[in-house]
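By letter and in written order, the chains are A, B and C; residue numbering begins at 1 in each of them.
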Amino acid sequence: MPDLIQSLLGAMHFQEGRQAVLEQPQFQVPFLLDYLAVFLWAVSGAIVGMHKRYDFAGVLVVALLASTGGSLIRDGIFLQQTPPVLSNPWYIPVIITATMLVGLFRRRITRMALVDRVVDVIDGIGVPAFAIVGLQLSLQQGIPLPGVVLVGVTNGVGGGILRDLLVGDTPAALQPGTIFVSGVILICLLFLVLTLGFGVSKEWAAWGMIVLFFTIRMLSIRYNWRTHPVLKGPPGTS
Amino acid sequence: MPDLIQSLLGAMHFQEGRQAVLEQPQFQVPFLLDYLAVFLWAVSGAIVGMHKRYDFAGVLVVALLASTGGSLIRDGIFLQQTPPVLSNPWYIPVIITATMLVGLFRRRITRMALVDRVVDVIDGIGVPAFAIVGLQLSLQQGIPLPGVVLVGVTNGVGGGILRDLLVGDTPAALQPGTIFVSGVILICLLFLVLTLGFGVSKEWAAWGMIVLFFTIRMLSIRYNWRTHPVLKGPPGTS
Amino acid sequence: MPDLIQSLLGAMHFQEGRQAVLEQPQFQVPFLLDYLAVFLWAVSGAIVGMHKRYDFAGVLVVALLASTGGSLIRDGIFLQQTPPVLSNPWYIPVIITATMLVGLFRRRITRMALVDRVVDVIDGIGVPAFAIVGLQLSLQQGIPLPGVVLVGVTNGVGGGILRDLLVGDTPAALQPGTIFVSGVILICLLFLVLTLGFGVSKEWAAWGMIVLFFTIRMLSIRYNWRTHPVLKGPPGTS
């Protein structure tokens, strides 16, 4: 345990203690999951934009921000790198395809509860996967652990928050509901404890965290485990 | 045609095929158009802020974001460069002047349909001009073509979207209306096809695209050509 | 006076005239004020989030953005540096502590007018202190003076504006009220005139500006000095 505290404090102070962890192979979001997540988050964004009665270009903008917003904040604002929506030439074609399919099947989509379920499943896998990518990228830059967790969580949930802000909705991620942001925070902390504190390999820890988050998320939806508002009563009153 | 596809794919994959194009002289937004566009976008932002009953400092903030928001996203978030609102010492004085003039003539401005027309004309010229600046800057950084188009479109329409979000309005650019974002996407694609695919000089292609966008925009306003919502019916229903 | 104009113009044009000023010791926000300001802005953000009936994670996100949003725009978008919320390992623990305390004392906080007063006092000291940090950092990067003022003002008031936008409120800073943004603009201009024009040391000028802003702010609250909307009448009418 003192080793764990030592290593946590070491990392908080920009020391080179995390060198060993960085030399391990990085966890990579598997090719298929990467594009599938971008595709389905674009679908979710396009559906939101469509229900706001935007035109095709407007729906496309919402799809773009929903699917790439997390990595946009991560790289463009936090880590000062070119965001993947620019450097990866396939994200935008995937997002355009998703938007066109939503437009094509607009009549059916509005009647399908299935879409919500599919988005829930992909959220359950994609959000932790991208959160861990954010953790790894910021560990590499030598950022102290609290900042590493912030980058990870933002990478996972930032797109959804930006999507809601763009269309003028209260961000769902901030409101009481099934376990989501708190679950992402939990698995980010646990990933760091496992890899930096207990020397678990990043690959194993990553998959473990994805399974854990997915399980929590599905149980929370199935049994309607919900977070509570910090303050009860109708909004705006004191 | 195979050459075109070849060069499109080449550019998508970060190859050096665009070297020849980069060695050409860059299209520069003419001095006068640059400041005129910033001035008039600041005027449009100041009018929006004034109608929200903000105070002078608040109106100035809206004017700033409306006139420089596109280049702020382009450089600050996408291309990782110092945005021109900081590096160019004349933008802020121009924006302050615009805001003060709006304040001075506030009684007249509220009764003038003329302002809308002037903003429409400057949008018709300024939006494509700045979109092409965005295309060129991202081509120079070796970004694949889909990302280049994203930067160009954002450079053109980002300021208007940020202005609307800041004051709590639904972004006009996302909603059905006269042809705007889709026109910008079109001229961005066409600019790349002409310069990279057919070897047209950037200078000529830029002016061609400005004339094309201006024509489309004016015709769309004159004959009320409007985009349609992807999904019909009142917002919020399914 | 011609010297002043000379030096102002020199700085606007990226000349090396500000070398002498840069060689002086920098004004540093005192250790205690730095963390106290972050703590109390986090408290103010957490209270806003709590009244919106967000859950704990949601309240924490609002607290984070309220307390670090100004420096996030400054470094992440304007100056292209890693923002301090990532590089300083203590900000996030301070913000989490603030959020937990707000949650713990939620019943009392809702009944205390004291909280507003404490936030007003810390705003009165913290806003000018961070504005001057923004001025110094952008002077160091050789940015022309108008951009330097923009970075300073944003550093001071950006967090409050982002907090309000995140929760869907009209940004208080933009609306008529007690003197705030215009006061920050004033002390930023005065700081530059004193240090660049009259050779006053940065340390002295910084504390002078903090005292000046605090005095203006407290007098404005005490005697209800308020800014006026540029255009009178109810919002949305012309």
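Just so it is clear, a residue touches a chain if its C-beta (ideal position, glycine included) is under 8 Å from a C-beta of that chain, and two chains touch if they have at least 3 such contacts.
Quantities reported herein were computed from a predicted structural model and do not represent experimental measurements.
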item: Homomeric contact chain A-chain B: same or different residue positions, threshold half; value: different
item: Copies chain A and chain C - rotation angle from C-alpha fit, nearest 5 degrees; value: 120
item: Mean-CA-position distance for chain B and chain A (Å); value: 30
item: Chain A, residues touching no fewer than two other chains; value: 76-77, 80, 165, 168
item: Chain C-touching residues of chain B, taken from the complex the two chains share; value: 49-59, 61-62, 64, 72, 76-77, 80-83, 85-93, 102-103, 106, 110-111, 165-168
item: Residue ranges of chain B touching chain A (in the complex, touch as defined); value: 12-13, 76-80, 138, 141, 143-147, 149-151, 161, 165, 168, 170-171, 173-177, 180-182, 185, 227-238
